[in-house]
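Chain IDs A, B, C and D follow the sequence of writing; residue 1 opens each chain.
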Amino acid sequence: MAVRAAVAGASGYAGGEVLRLLLAHPEVEIGALTGNSNAGQRLGTLQPHLWPLAGRVLAETTADSLAGHDVVFLALPHGQSAAVAEQLGPDVLVIDMGADFRLRDAADWEKFYGSAHAGTWPYGLPELPGARTALTGTRRIAVPGCYPTAATLALLPAYAARIVEPEAVIVAASGTSGAGKAPKPHLLGSEVMGSMSPYGVGGGHRHTPEMMQNLGAVAGRPVTVSFTPTLAPMPRGILATCSAKAVAGVSAQAVRAAYEKAYADEPFVHLLPEGQWPATAAVHGSNAVQVQVAYDEAAGRVIAISAIDNLTKGTAGGAVQSMNLALGLAETTGLSTIGVAP
Amino acid sequence: MAVRAAVAGASGYAGGEVLRLLLAHPEVEIGALTGNSNAGQRLGTLQPHLWPLAGRVLAETTADSLAGHDVVFLALPHGQSAAVAEQLGPDVLVIDMGADFRLRDAADWEKFYGSAHAGTWPYGLPELPGARTALTGTRRIAVPGCYPTAATLALLPAYAARIVEPEAVIVAASGTSGAGKAPKPHLLGSEVMGSMSPYGVGGGHRHTPEMMQNLGAVAGRPVTVSFTPTLAPMPRGILATCSAKAVAGVSAQAVRAAYEKAYADEPFVHLLPEGQWPATAAVHGSNAVQVQVAYDEAAGRVIAISAIDNLTKGTAGGAVQSMNLALGLAETTGLSTIGVAP
Amino acid sequence: MAVRAAVAGASGYAGGEVLRLLLAHPEVEIGALTGNSNAGQRLGTLQPHLWPLAGRVLAETTADSLAGHDVVFLALPHGQSAAVAEQLGPDVLVIDMGADFRLRDAADWEKFYGSAHAGTWPYGLPELPGARTALTGTRRIAVPGCYPTAATLALLPAYAARIVEPEAVIVAASGTSGAGKAPKPHLLGSEVMGSMSPYGVGGGHRHTPEMMQNLGAVAGRPVTVSFTPTLAPMPRGILATCSAKAVAGVSAQAVRAAYEKAYADEPFVHLLPEGQWPATAAVHGSNAVQVQVAYDEAAGRVIAISAIDNLTKGTAGGAVQSMNLALGLAETTGLSTIGVAP
Amino acid sequence: MAVRAAVAGASGYAGGEVLRLLLAHPEVEIGALTGNSNAGQRLGTLQPHLWPLAGRVLAETTADSLAGHDVVFLALPHGQSAAVAEQLGPDVLVIDMGADFRLRDAADWEKFYGSAHAGTWPYGLPELPGARTALTGTRRIAVPGCYPTAATLALLPAYAARIVEPEAVIVAASGTSGAGKAPKPHLLGSEVMGSMSPYGVGGGHRHTPEMMQNLGAVAGRPVTVSFTPTLAPMPRGILATCSAKAVAGVSAQAVRAAYEKAYADEPFVHLLPEGQWPATAAVHGSNAVQVQVAYDEAAGRVIAISAIDNLTKGTAGGAVQSMNLALGLAETTGLSTIGVAP
């Protein structure tokens, strides 16, 4: 008896990616697909790669069109998820791929998003301590942001082992799909091919408080984050270069040991052999995370670098991974660790 | 009881792609992996995206290392497959992803490859008339070239319906993985990003006689091909723009009807709705083929365009599709029509 | 005493490129810059690469703002140039980088553009027979389309020498800047990186009648053109792969001789040595044209391939080259044949 | 009377770029071009974009072939410049684009390069305090590394104004041409397109001591640098994201003021208006440097970001800028601040 899933916001990049994954999920049957400005159009025109669904027509995103499903994925602009979720009832598993329910601190929400805080749902990053327990059986999941997923998994072992100071510097390069499908001049192919540029510099990016929330929870004390995102000339992928000062007495061996211990049993996080570095191409289209760490003795810093696919592990893959936990399925069901390379 | 498969030439792009597909194939267990210059190295270093096989070490490509498998995929430089195949015995399914056994005409082989012709094996393009019968139960398969796969599937319905003259003009753009993994200056990222260039112009490309063989077989008479390949700044994908003069009396409706008839039941070939054009991104990593056709009345030509992934349907996916037929499995087993986009 | 030049439509790709070239032109002083939706904005925000003009603010495109210049470049949507040109008076050199005045045949214009024909101005492709005479001293110039520039220069020697039949097949790959700066979903970086796709297939592209006009003039009889444009994952560049059947009795030597004769004295067109093929990267940002030709004896076709930068020789560089002729300056003034590579 | 210049290593990316710039330099005449493995080949094959030099044939790199020039640019593997320079005599201006003479500290050289230190030449970064004086009239110039150029110019005003602590964190993304033209598997287009990856992590990159030398000189005390380079999918460009903790009492206004003061009169360094961020595309092919700075109050860090073209300002443009100073020419002669965009 298949799990019946609907996707609200099926025409965008997050919606398309969750559909790509659900098509390969053995326990899921795809139900309603909805959109707003694209309602009434064939999915074959909007998402030509999703061939088996080409003939499907998008419905309006309403409580009616989303009714009657076991799981509803929300890929909506922020601020719209609460209203939809309320109408779906407490027995439906609602998985919000937007930002609305990620932050615990209402003041943070209001500062970074400028609206009233909708609440906090169980946070869909199973690799965080305690997260698997919180996700099992839940009917509400807040999927992490793509940058916080990459940065948290890069630094988690260092903060868990208390080998670094609580001030992190994070510089991340993202593929352009992270900026969404709404056409804007600076996202044109002509502008992004052959160019790197930063944005939201100086603490303004909305993913900053989410990183501080995650790393602070791991560290057991507040962690300050200096975060600079950059736009890279590639469709997918995040490479997060993260560092923090090592605490006194740390050795390269201790750093390595902390990472080996943290990720020994994680199905999706791959600590690379020493000397091999993450590459976004290697995780393209997969739920895998590549992590590597080095101790720069001269600078006194631990450098941890992760590569994810921003649409898969960074959004839709993380959503399906958490869905599996919520529904009592094996966590890796329908998810691949094999990237499409070259 | 799983089919046990070995891959000779596992460090290259074709070998890596067949392994990516076999990892997702429910009936196959991956056995020996071999290489030449890379023998002794971990696959994790050579193909970092194939995480589940990261710890495997490449053996030398010898009869011994390849013995004891049900299927052996050969991803070798041309001229080397015959010797290996002979040693494997007639009961092993040998699938050659190189060129050695594709051509029927020994003179063509000698002219284009400059060596003695090794022979002709059943040709692994199931969409050709009669091919499924020939492939069922066979123990030798010659996998088509990537350009011939794209061009043949673009023009097959036109020649089958005899609506075009036997002189085709084919201009195709290929991603750089088609040129292989051996490092050469003109294949450096610095050289190919932001650039388009042709090569092998004027009839010299080795895939030309293979296209003529396929289209001639479909048309029931010799077909001349003018083929110009170009290198495009993308890792994967072929876009083949093919045309031929329409025979007298042809209408746009007749052209459309010929294509609808030819591909109504093909599981991997998708004739797009009128007005929608193929894009290589839509088939990225999948075994799907997008086809569209138009009749240019002013020029009197039928224009047929196809998009494939050169490594999947163009090489390793076509190999697995044919393997399925040879082994009596459902033709689509382990193969996806869903591209990884964007 | 400098030539004073205004640019109408300075915020787009054509306007930006003409400004880039004029900044390096020793005889030109840059006057008014105008826009429509962007009027009132600093050029530094709209065209951050044009540093010396960063503080300039765009005026509205009106007769007043464009008055008082020796030369006015129009980079406007088609249909708007005639009205502006009328107001500028007959002594001002008006250079239209749009399509309005390219076609001689009013019926062609109406069929492809769906509006009334505005007229025909001297055509700014100096390499065409008689064009330099027509351009010298003129006060109105219609700059050719980018695809017609590439295709005409590829096939011109073959038609001039009457060695090919009057039916040409042209498949061209263009960088995305050819599609302009107005943001549309299919032009997003996420969509175009890693993908090739065709558009306007089957004779529908508006550059088709312009190619027929040019090649017909060279051949001295009507030439039919089958033209398929494709979008390539690069910001700039056109690679035009053109072919036509050779007439009876043609030899490879005769083909080569025709091309050597045609381009021996052209300052911007470089016939490459035999065996070397054009690449768009080699002409990036320059007014150079790379051309190569081959005779495919088996297919009986002459294959001619050209590479240009669509924004330079294909638009703004061609405009400046023609301006030089109109003003009596040396044709190459301010123009480079040196591409920015890699 | 033209300055006569030779280029040793004319077939690589640095050599090609210096030739591109010298072709546009009004005071320079290009003399001998030399190579090693490519000696005897036409430049037209090796550097097809440098059309005016296409017929030149590379000589062997010897004292004889380089004799008789006013300026000799060395684009050689490190360790080879000293021997060549000695033979050229003290009156020839020798400009080393390699690393041999950049470092003052012999121990640093030996640690990072593993060979004996050849010495220290005047350092060709005119924007450093005192550098213009040191370069004027010199006959030996050590051209800075590309990453140190970008990072130094991003952080120079902060260290000059003593508003940041002496521990810098630098994460930089570079185009692939920075890795040179020698073909290696990880630099293939198939590998780099669509991928970001780091390398030389943990303090190992040879440009780290050069950054410390520059920033320490500006700060007047030792500065520790944590440097992580990443490879970005673009041919050219460096985006350097640099940060350091602000000293107590710093305000956003003070940060801005420091940058405005430092770069008010620099001809190539452009401090962008507040809110506009650097992009490598905007400086493509030009000697311009885009800089922006922000003060992240929550994290207590100053974030300074620069964009350069690694081959122009990062190598060959910086070399020509320093040559101009050495020869008493205007510093900007033959150099452009106008990028080729899009």
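Everything that follows uses one rule, which is that a residue touches a chain if its C-beta (ideal position, glycine included) is under 8 Å from a C-beta of that chain, and two chains touch if they have at least 3 such contacts.
This one's a predicted model, so the numbers in the text were calculated from it and none came from an experiment.
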item: Neighbouring chains common to subunit A and subunit B, by label; value: C, D
item: Farthest chain (mean CA position) relative to subunit D; value: B
item: Subunit C and subunit D, separation of their C-alpha mean positions in angstrom; value: 35
item: Subunit B and subunit D: spacing of chain centres that average the CA atoms, whole Å; value: 45
item: Multi-chain contact residues (two or more partners), subunit A; value: 13, 175, 177, 188, 190-191, 193-194, 233-236, 279, 281-282, 284, 342
item: Touching residues (chain side subunit A, partner subunit B) in the complex; value: 13, 16, 20, 23-24, 42, 44-45, 47-52, 54, 177, 193-194, 235-236, 270, 272-273, 276, 279, 281-286, 288, 290, 336-342
item: For the subunit C and subunit B complex, residues of the former touching the latter; value: 167, 169, 171, 173, 175, 188, 190-191, 193-199, 201-203, 208, 224-226, 228, 230, 232-237, 239, 241, 243, 277-282, 284, 292, 294-301, 303, 305, 307, 342
item: Partner subunit B, residues of subunit D touching it in the complex; value: 13, 175-177, 179, 181, 183-185, 187-194, 233-235
